[in-house]
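For reference, the structures are reproduced in the following blocks.
First chain A sits with chain B, and in the next complex the same chain sits with chain C.
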Partner chain A sequence: MLFRRIFQFLIVYIIGIAFLLMIKMALSLSNYVIPGVPLIVETAGQVFKDYFFDVMSTMSVTVLGQCISIVMAFTVGIAGRKSSWMGSFIKVTAYNIQAYPIVALAPIIFILLGDGFIPRLLIASMICYFPLLLSVLGIMATPVKDIEHFYIATGRMRWQLEVKIRAFENLNKLVTVISGSATLAMAGTIVAEFIAANAGIGYSIRVALYQSDLAKILVALFMIGIIISIYQGILETMGEQIKIRWSVSKQGEAL
Partner chain B sequence: MNKKNLMLLLLLLLLISAAPLAYAKDIKINYRLKWLFNTSVAGDIYAEAGGFFKEAGFAVHVKEGSPEKNAINELELKRADFGVASADQVIRALDRGAKILVIAQLFQVNPMQWIYRADQPEIKTLQDLKGRRIGVTFGGNDETIMNTLLAKAGIRKKDLTLTGVRFDFTPFLRRKVDVWPVYRNSQGVILKDKLERERERVNFFNPADFGVNFVANSVITSESMMKNNPDIVEEFLNALLKGWEEAMDPGNEEKVLKAVKKFDRGNNNDIRKKQLDATRTLIKPSVHIKIGTIDINAWKQTESIMLGEKQIKKPVYIETRLIWKKEK
Partner chain C sequence: MHLECNNLNFTYPDSDITVINNLSFSMDTPGFNALFGPSGVGKTSLAKIIANSNSRSGDEIMTEHIDRILYSYNLERLPGWSSTGNHLNKVTPPEKLSLKEQLIRVFELQDVLDSRFSQLSMGQQNRINLIRYLLQDFDLLILDESLANVDEKLRETIILAIKDLFAGKMFLYISHNLIEVSKLCSQILVFGKSSENKDCSMIKGQDYKKGYQLNKQSLDITMLEIMNAF
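What follows is the complex of A and B.
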């Protein structure tokens, strides 16, 4: 799974670079507009170390931001699963908050929290959390009638049990959504660093953009792609392991 | 076909062929600015709004710029015929093989300066920078300028605090940063006005006063444009500079501000007026200086600074890319 992810990314990256180089050749563009391979390699040699630590810094925020967004999405999703007034209020509030573009909220976040670690974490969580919330709400608001009916009829249904049943029955979906949200968390962190931070790969991309240095940006994109592929591969592998364990324990219970 | 019909046909053909001729009178030109529309591009806006381009036979589409919308890229991609770029952009592009030429220098004084509160000790010498918290845009030309100033004064980075900044002024307003980089004629005016409302006075620290002349925005075009259409280059430049001359004439202030207002809705009339006053002193610091004059020594110094800062790998011999001054 992990190697397949990396391999797939490399294919996409190489196709992207080849496409850029074709444009460069076709239009006779200078290295300033689209850098040639030797310049990209030379730039990679110069910035690799710095960018590696930048990406790792971004990654640490990404992982933490994703954990927070998972907790937030599950909390709001579970609280908002009921079709009661409160459930509907929570859903509407969550939707409304997401309706504001992060770039518009960023200056406010920046004024309140400065340009350190917290704004990056907050923005990463906010960008990652909404798609997660939609999936969690969808799953948690849909009853598994066959199973739930039994517990309701016997008067043993509690909200914790309801949540467990719905999570168990939609485990595949949840794993896919959570591993997929890693990309969003990474993108969110990079956006945060780009607009309101003084560290991380998003910040380095902003500096490279100021210098119109596409070679640096291409190196940064390569490193982001590799690291996020590894992270997603790990998440998917973990998801597979959890599914196997749960199915084994289910089989054990059935026996 | 009888004679009458033949005459009608000829007349029709004449009308059809004459129509595009009349229409084709205006040559379409794309002109990419370096930054967003505001008073600091008053001359570019007024050259269009005041009809100077039209008068010269051009239909010019003046486009806003941004870090992503770079005039040099646009020239190479043939999406623009002329553009505005800062000297560091030009020199960096030349270092990487771009085929561009500088045809006029708009700012005679670089608007990139630093603002600080007047209740702090005045910066009379570069040594006065020691111990201060100074904002720089990491990767921006203000960082290069500041590094040059520090090197010139023999100040080590541990003797002061360099802080990364962006467009939000909050750290300066909250006194977390003492000396803040601004474009003197745009953000500088806004910040000064803001602080004056709070009864705080400000000073500006201009690197040029300490011998660092880093060139700012200039008009550029491609080598191919200059080679294939030298007349268009000359006529466009004449029209543009005429627009700038008129825009900087205090007698035209009202008309210029009205033209700028159509594009710049972010500021009020009072700010725009102050910005125009500030822009005049940077574009035409003396009546003897003709707008567009290329300061070759300042360009050479800019190149030398960038070489010293290792922003370019080899000399680009910038003087060979400065065209306007030579021809005039």
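What follows is the complex of A and C.
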């Protein structure tokens, strides 16, 4: 799972670089506009260490932001799963808010809170929260009738059991949604850093942009891609482990 | 114990097709009674209406001494996160532990209690599902093809054991097996084909129990009556 993710990213990245080099050759562009492979490698050697720590800084905000989003999405999703007034209100509100591009609110957050850790975290959480919430709401609001019928008919159904049944039956979807939301959280963090923060790989990309240094930007993109692929791979592996532990019998036979 | 249905009509929501039209019948005896008829005539719809009769207003479904109605059906599932044995233990009231052991023996499920539900055959799944219903408090239990995919011999053994162990309870058994219904059930509500405008009719079954002598001629007559009724 992990290596497949990294491999997929490398293919896309190499195709992207090849495309740029083709444009460079076709239009006879200088290294200043589109750097050649030797310059990219040389730049990578120069900025690798700094960018690694920048990406890790971004990653820490991403992970924390995603964790907050997951907790919030599950809390609100579980509360909003019922077809009661409150449940309908939560669903309608979530659908309407997610239709608005949250990233457009980033400048307001920076004006109110300034640069720093909290605005980055807030924007990362907000960007990955609403898609997560919609998925969790969809899963939690859909009854698994052929399992739930017995517990409802015999008066044994509790909200914890209902949530457990629906989560178990939709474990694949949940794992996919959570690992997919990592990209959103990362994108949110980078956008926040790009706009106004003073740390992280988004901030470094902004500096490279002001220097018109495409080589640095390409190195930054490479590092972002590798790190997010590893993170998503780890999330998917964790999801697989949870599925195996939850659904394999004592004898170790898979379902 | 009395179950009565008066002039019941049922149309599927958002549809003009009347599934049940002016249906009236009554069942007075505990034991195994049946709903019989071809697919699509409203057996399951009637079963669900009876199961939810406590929450319905009106006098279309009347019951006496039937406080708790349970509805079980084929294709129900147990959660997959632990073994079927664990699930059974969790839903078994303490006073019914010995009954549980007895049912597991009769239903021949001793060897699958450590397995997950999805690892069982369809017949085993239906049997384990039925056991958990039998372990609950009920006055009327509706079995909507709850013994589907169970071989005939074991199915008869199970039904005879249920009749023996739950003599004071009422069961409504939905099945497409003519011989089984004719032989084992007491009152059989036969649904006529709506395309031929046939009404429902109540036919007396042989109500065979352990140790009884089955009159094969009477069984043939019952089967003929049922066949003529739909």
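Here, the second predicted complex is superposed on the first by the 241 of 255 C-alpha atoms of A that agree within 3 Å, B and C clash if a C-alpha of one lies under 4 Å from a C-alpha of the other, contacts with A are read in each partner's own complex, and residues count from 1 in each chain.
By our rule, a contact is a pair of C-beta atoms (placed from the backbone, for glycine too) under 8 Å apart; a residue touches a chain by one contact, two chains touch by 3 or more.
From a predicted model like this one, the values you see are computed outputs, not experimental measurements.
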Looking at the overlay, does A:N31 come into contact with chain B only (first), chain C only (second), both, or neither? first
With both complexes overlaid on chain A, does A:Q8 touch chain B (first), chain C (second), both or neither? neither
Between chain B and chain C, pick out the one touching the greater number of residues of chain A. B
So, A:N198: does it touch chain B (first), chain C (second), both, or neither? first
Check whether A:R206 is in contact with chain B, with chain C, with both or with neither, and answer first, second, both or neither. first
Please work out whether A:F168 is in contact with chain B alone, chain C alone, both, or neither, and reply first, second, both or neither. second
Pick one for A:I111: touches chain B only (first), chain C only (second), both, or neither. first
Which residues of chain B touch chain A once you look at their complex with the stated criterion? 67-68, 70, 72-73, 76-78, 89, 92-93, 95-99, 137-140, 164, 166, 168, 170, 311
Given the complex, residues on chain A that touch chain C span 146-147, 149-150, 153-154, 156, 164-165, 168, 246-247, 249-251, 253, 255
So in the complex, which bits of chain A are touching chain B? 27, 29-33, 35, 39, 107, 110-111, 115, 195-196, 198, 206-212
Using the touch definition from the top, list the residues of chain C that touch chain A in their complex. 51, 70-73, 75-81, 83, 91, 114-116, 118-119, 129, 132-133, 136
